[in-house]
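Some structures are shown below for you to check.
You will see two complexes here that share chain A, one where it goes with chain B and one where it goes with chain C.
Entry: the complex of A and B
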């Protein structure tokens, strides 16, 4: 691949945009050729042959009320509409951009005055402002165009000012100023190229409007004056003939429609190419649950569940992957672990190790698209959550398996009072009347030690501190006395002292209620404190697992050893902290064999030769390393 | 509930309205040539021109003219129409209600239908309903509303003759509400089409965006049924971004009313403006534009207030 494909190729690759381009191309070609095409004079009247229908001999599209050839008038009219629309768009863009650029560049009073002026113009419905201007200047195509230009200037001024402001304070701007460039040079060489794509998008999305607007003014008799006619003028003349000769008004309307369709398609395509962030088709809707391969495909090669089928949670051979374009990211590549009643299980690893995706896979919360569970099963008392009916999954979610998420600001709904968000969960699973559910929600908020819970329940998420929001998240998870709480880095977004309090609270409450915990963290210290069992993850696989004491005191896998070496120990400042060299592997290009081998100081040839199985270090302690297997 | 946000927003309307009057005044004052001659025609006697100039206050300086005009305005005196021979305020008063009624119905229609279709398109992304809606939206935003109006008259008024295309009675004392409603179906649809298409597009994008947010995942993690996830958790948040655009659409609809009123012979301000422009009845144009601009400002005020009632973060800001 040689970098980005050219803009032209990107444009024409998209079938819909290519259609728009072709449509527009043909129309532009025809109007450019108008002077040399064998057309009748558009203004020659022939009253004897007036209002002839389309396909009349000598007049392919028929004649109008004074016998003029509609085809000829149409092509010349389209030419006029295009020229006027394009000119208006370019002039409005030029003036508006100049205002926006200088307003943002010079700032201060000039900026304030210009923008207040723009605000005032925008306080009008803009067609009305255009009418007022035409009223002042008098009807006529040129005046109509002036009016359309004036009312569209604010749009460009605003947009370009915004775009300029975002670069005017950037580092390279400061560098340009320091290097002694004049204002004009800076505007021309640094600012303008940065805002140009925005201006092009603006023009391409407004040309269509401008053509419709000038056509509208002509339609009202305020634009092009007879006998000259643009498309709007032709429509206006045909309006009163709609009963006797509908084609006179219908045909120019169709041409305006096609012109606008072509322009809008190309405009959308241009926007997608120039500003991928705004790409209209780029967002895919997330589904209610994670997609999964068929149950036969998923269970192929799985051992019988045995004892695991009786546990509140057993993840068995889980593979979850994301397909983005042609890349397949194997975020989780065969993870298995069991959670016993009341047990605290930790998943630890660097970011990108697959621990969060594993956690979200449990209740089918991995976003689809692009996520998909391709292999393995999630047993909840022997029931495979990956393909239980949706209603059953929804009964489990928030009922017997509840989540506490990482960032409590984005995970709570900003528009709903927190008490209602807790009460909603209770009502969903316990079928209680509103008032009763509300009382329970307040009691829960009290149990997570939210001060003044009865009143604060009516507040919104943004009115709480980070630590308080996470307590609310915990209250929501506890609402229906779940058997399993899945906590995905619940304290990462909080400061250290708050972290400790929130963790202690979570642990106390879940012990009181005898709920099992699946705790995801990159922090080995927290796992040591909280968990009974730990699974160390790397490159989408569990590389070591066992009782917390055994794994952390006698780590068998080099990765675990290096991970522990990164942890500072309080009261032992002499201890050398050794970061692991290199980066975690990209999950779309995982190496053969051990994914850690490229970073491992003990790596040998056989590490990368074949898949390595988890091998017992002791009775309940396993590691995925050739040195253990040997 | 009058909270501090709404209070501040209400105060903010004063400078905006001031700006609107300045612009309306300036645009009309910048008429090239002598408005008095324009009003009276080329063959007017110098005395008559002088009289009209005095009536219009044209013999004063521009700021003084504006001051006098504004004071008169505040007392409900919009001047006299030289063509219709009656006070501008009387003519506008008679035509304001039909325009606001038509524009209001079209705005509500386009919002309800536009948002509903937008939600369907987003929730069933890439299904055939989504594709049909996407094509319809493209056609909708590319169709001139005045042409759509003509086509509606031709098909539903003339060919099928399902609905009347003219001859509406006075609402009060005439044909009553039903008569007005029957006459309003076609113009309201023609007027609503473009604004509705824009809203479908916006709603679809906003819903797709919101459905990816963490709080939607939380709602699903709580076990809420998908219907509740979509309408209570996702849609409410999408609506925060949609409401201000509905305010802007009011501008489209009020402006588009000029075309639609002309096509459907609707007795409103839009049609009045078109004929006033061709007869160069400057004061009537001035009054009409001003009244519609004020209506637009008020609708946007209401949209901002509605948005703040929905989103507690805006109230707090």
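Entry: the complex of A and C
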């Protein structure tokens, strides 16, 4: 438990949650101390002093219709409400979780039967069901609690079953089985600990409701019976006196409100802490474009653009970093490359080397926060995309510069037929009537060789295979005749035979339309197949670049050399593959000088002394290594 | 020390099917459709094929996580399905599995020590002290520092997690390890590390591998025998050299032709 902030710290850091926690803490403390506090007996009537207002001597909050001390009744009543609500929540959670867990774990008929039962319970309106149960059992706090428990079980069972199903199918459950653990051991040590956070979240977010529900039944006279009082009962008794003595109803009302607010604030906070998906500000709003340092700061030290200013794309000295807490991840640390019309430029490197962040930086698509472009510029025919007006950037995105991503499912809207989505992309950039945009969309889908395009255009994304979806993604990118297509691992998720087809397609399209291609991949084979120029990335920097043939056949940088030695080559199984020891560097702790030094068999002192520049190996072939620099 | 350690005969596995609550029969999918394979002791059988062709279903049946709809799988002459029903411990002392997703196959709430101890205790009934020693030994077998055993899975990289997954499989001291796409989620440099580790372990411990992958070059590097799967069927099988040099089935030819040129030795064609 070192280094990681504790759940408690995370919880109390959030101001709103801390407020809820304090509120709840005070209330719980008071009701816990109820037996020792100098309180009057909550049930002793004193008709002579009935309906006294608050601050009446001896009765701080006044008295009710039979002269009982409201403060004392309030504290004891809150205590009762809390106990009942909490008990109900825990019991409902325990029973519901047991049902959900076993239902999901055993599956099959047991699952079907249990879930049918739950469906049946949930088919009744919720409070009506509670009322029916109390009516059947007779009024009383215990029966009211039972009713609340019964109506809440289905919610827990459903939720826990869902959470369990996702764990049940995890590989580690299979691994536990292979480790020889029994069903019970698997449930207790593998399944339950991973489902528990979900259950806790469920309890913390429903306990408030359950207190309100019990209060509701008491309010209707079906819960706590006089003279015993819970908050709902007090509210119910005060209701008739709202004209004469409003405080009798208002005071328990306020306490119910405070209790509900406190519990829900804490519940939400707890959920944020326990639910990893919501952690790290996953819900924080992101900006429409990547934040950037001022243009002076970004351009400091850049050479004049020269010829690069005339090209469709020139990335110059790009630095993009992420600030997460106290860590600064230097994802891209000075990447430069130029893309000429119709040229296919490859970026190759292992995961985390900064390929994707480079690609996303081009059109300002890196999420902010936490991302920021700190140095460098992105020239599109000499125009710096980092600080063009937003409207202009939007025209460029999907217009002259288009993207294709690894999984087109993430960019396609599941609810809209694909043809319409392509047509929509066309209309966003070109002023075309609907029917014509549709015709163009179908033509595009045909041009990416989607079979039976005219009809399939009406199908939804999930009705296509992975390879077909990638063709649709490419059609979408082509919609507005882009000058540059940025394709980030577009074939990585595809089977080899499909990959070969998609690569051939991209190549044909590039030739036909003279569109430039920035092609990103971790697979040197794919890059070699498609690209003219390649830039090898490592630790956020380009370590070697040049014509594909030169870089891949006569690599100059030790990393490129060793990377190629790792790749199994078909038809040459006897060739020894030689792993590179160690791991790629973390971008928040990049070593000084050459980032590859810790893994390089040729490393020497000067490698880690200072920044190393790209040096020419030949006229158009460069490498960033002390052994290359003259 | 010779002969076949794992054999499958006409194995079929269907999913879905049966009837709904009332009436209409549901369509079923035949994920594996009559697969017969033999794996020789101490050797590696590579299975290649594209996504959805039934490789993983086959893998899960070989280790008894799934039961075949029909057909038999035998390990050392005993039926895997019978053992899976009656004596899982014996089964899992013989055959283990390594999964594709390195992190997903490790319980995020257990330390590496706990993960590796589970099979030692449950399958081999080892005592506390013996377990400790064996965990240290396993860690060194897969080239991880012993003190890493106290850490939780999320503190490891993909390659390190996969080493832990391999160590967990080794903890059972099995004869056969079924590896389902064990290097597909790894970076090239790390993939090479894991491939070397697997080859080294096989040489040292005499393990038998069933190595499943969609990457032909990887399968070629590591396998002695190769089976090509397509839509639930084995369309071609044979010694590695023969399959790659002289493919007979059209699908095998297509697969080989789809590999980008730079990853092929010699003139493409």
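FYI, the second predicted complex is superposed on the first by the 493 of 630 C-alpha atoms of A that agree within 3 Å, B and C clash if a C-alpha of one lies under 4 Å from a C-alpha of the other, contacts with A are read in each partner's own complex, and residues count from 1 in each chain.
One rule holds for everything that comes next: a contact is a pair of C-beta atoms (placed from the backbone, for glycine too) under 8 Å apart; a residue touches a chain by one contact, two chains touch by 3 or more.
Worth saying up front: this structure is predicted, and the values here are computed from it rather than measured.
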### chain B versus chain C as contact partner of A:71, first or second or both or neither
neither
### Query
Given the touch rule stated above, what does A:185 touch, chain B (first), chain C (second), both, or neither?
second
### Message
Between chain C and chain B, which one touches more residues of chain A when both complexes sit on the common chain A?
### Response
B
### Task
Report for A:413: first if it touches chain B alone, second if chain C alone, otherwise both or neither.
first
### Message
I'd like to know which partner A:563 touches here: chain B for first, chain C for second, both or neither.
### Response
second
### Message
According to the stated criteria, A:378 is in contact with first (chain B), second (chain C), both, or neither; which is it?
### Response
neither
### Query
Which parts of chain A are touched by chain B and by chain C alike?
none
### Interface residues, chain A side, partner chain B - complex
116, 119-121, 123-129, 131-139, 208, 212, 215-216, 219-222, 232, 235, 238-239, 242-243, 246, 249-250, 253, 256-257, 260-261, 263-265, 280, 283-286, 288-289, 363, 365, 367, 390, 394-399, 402-403, 405, 407, 410-416, 424-425, 428-429, 460, 462-463, 476
#### Entry: Interfacial residue positions of chain C with respect to chain A in the complex
21, 50-51, 60, 63, 65, 88-89, 92-93, 96-97, 99-101, 104-110, 118-119, 122-123, 157, 159-160, 165, 168-169, 171-172, 187-193, 195-196, 214-218, 220-221, 240, 244-245, 254-266
### Task
Would you mind writing out the residues of chain A in touch with chain C in their complex?
112, 170-172, 174-182, 185, 189-190, 193-194, 350-351, 466, 495-500, 503, 522-529, 552, 562-563, 565-573, 575, 577-581, 583-584
### Query
For the complex, which residues does chain B have touching chain A?
16, 19-20, 22-24, 27-28, 30-32, 122-123, 125, 138-139, 141-144, 146-147, 150-151, 153-154, 158, 205, 207-209, 211-226, 229, 232-233, 236-237, 240, 250-252, 254-256, 258-259, 262-263, 273-274, 276-278, 280, 282, 285-286, 289, 292-293, 296-297, 300, 310-313, 316
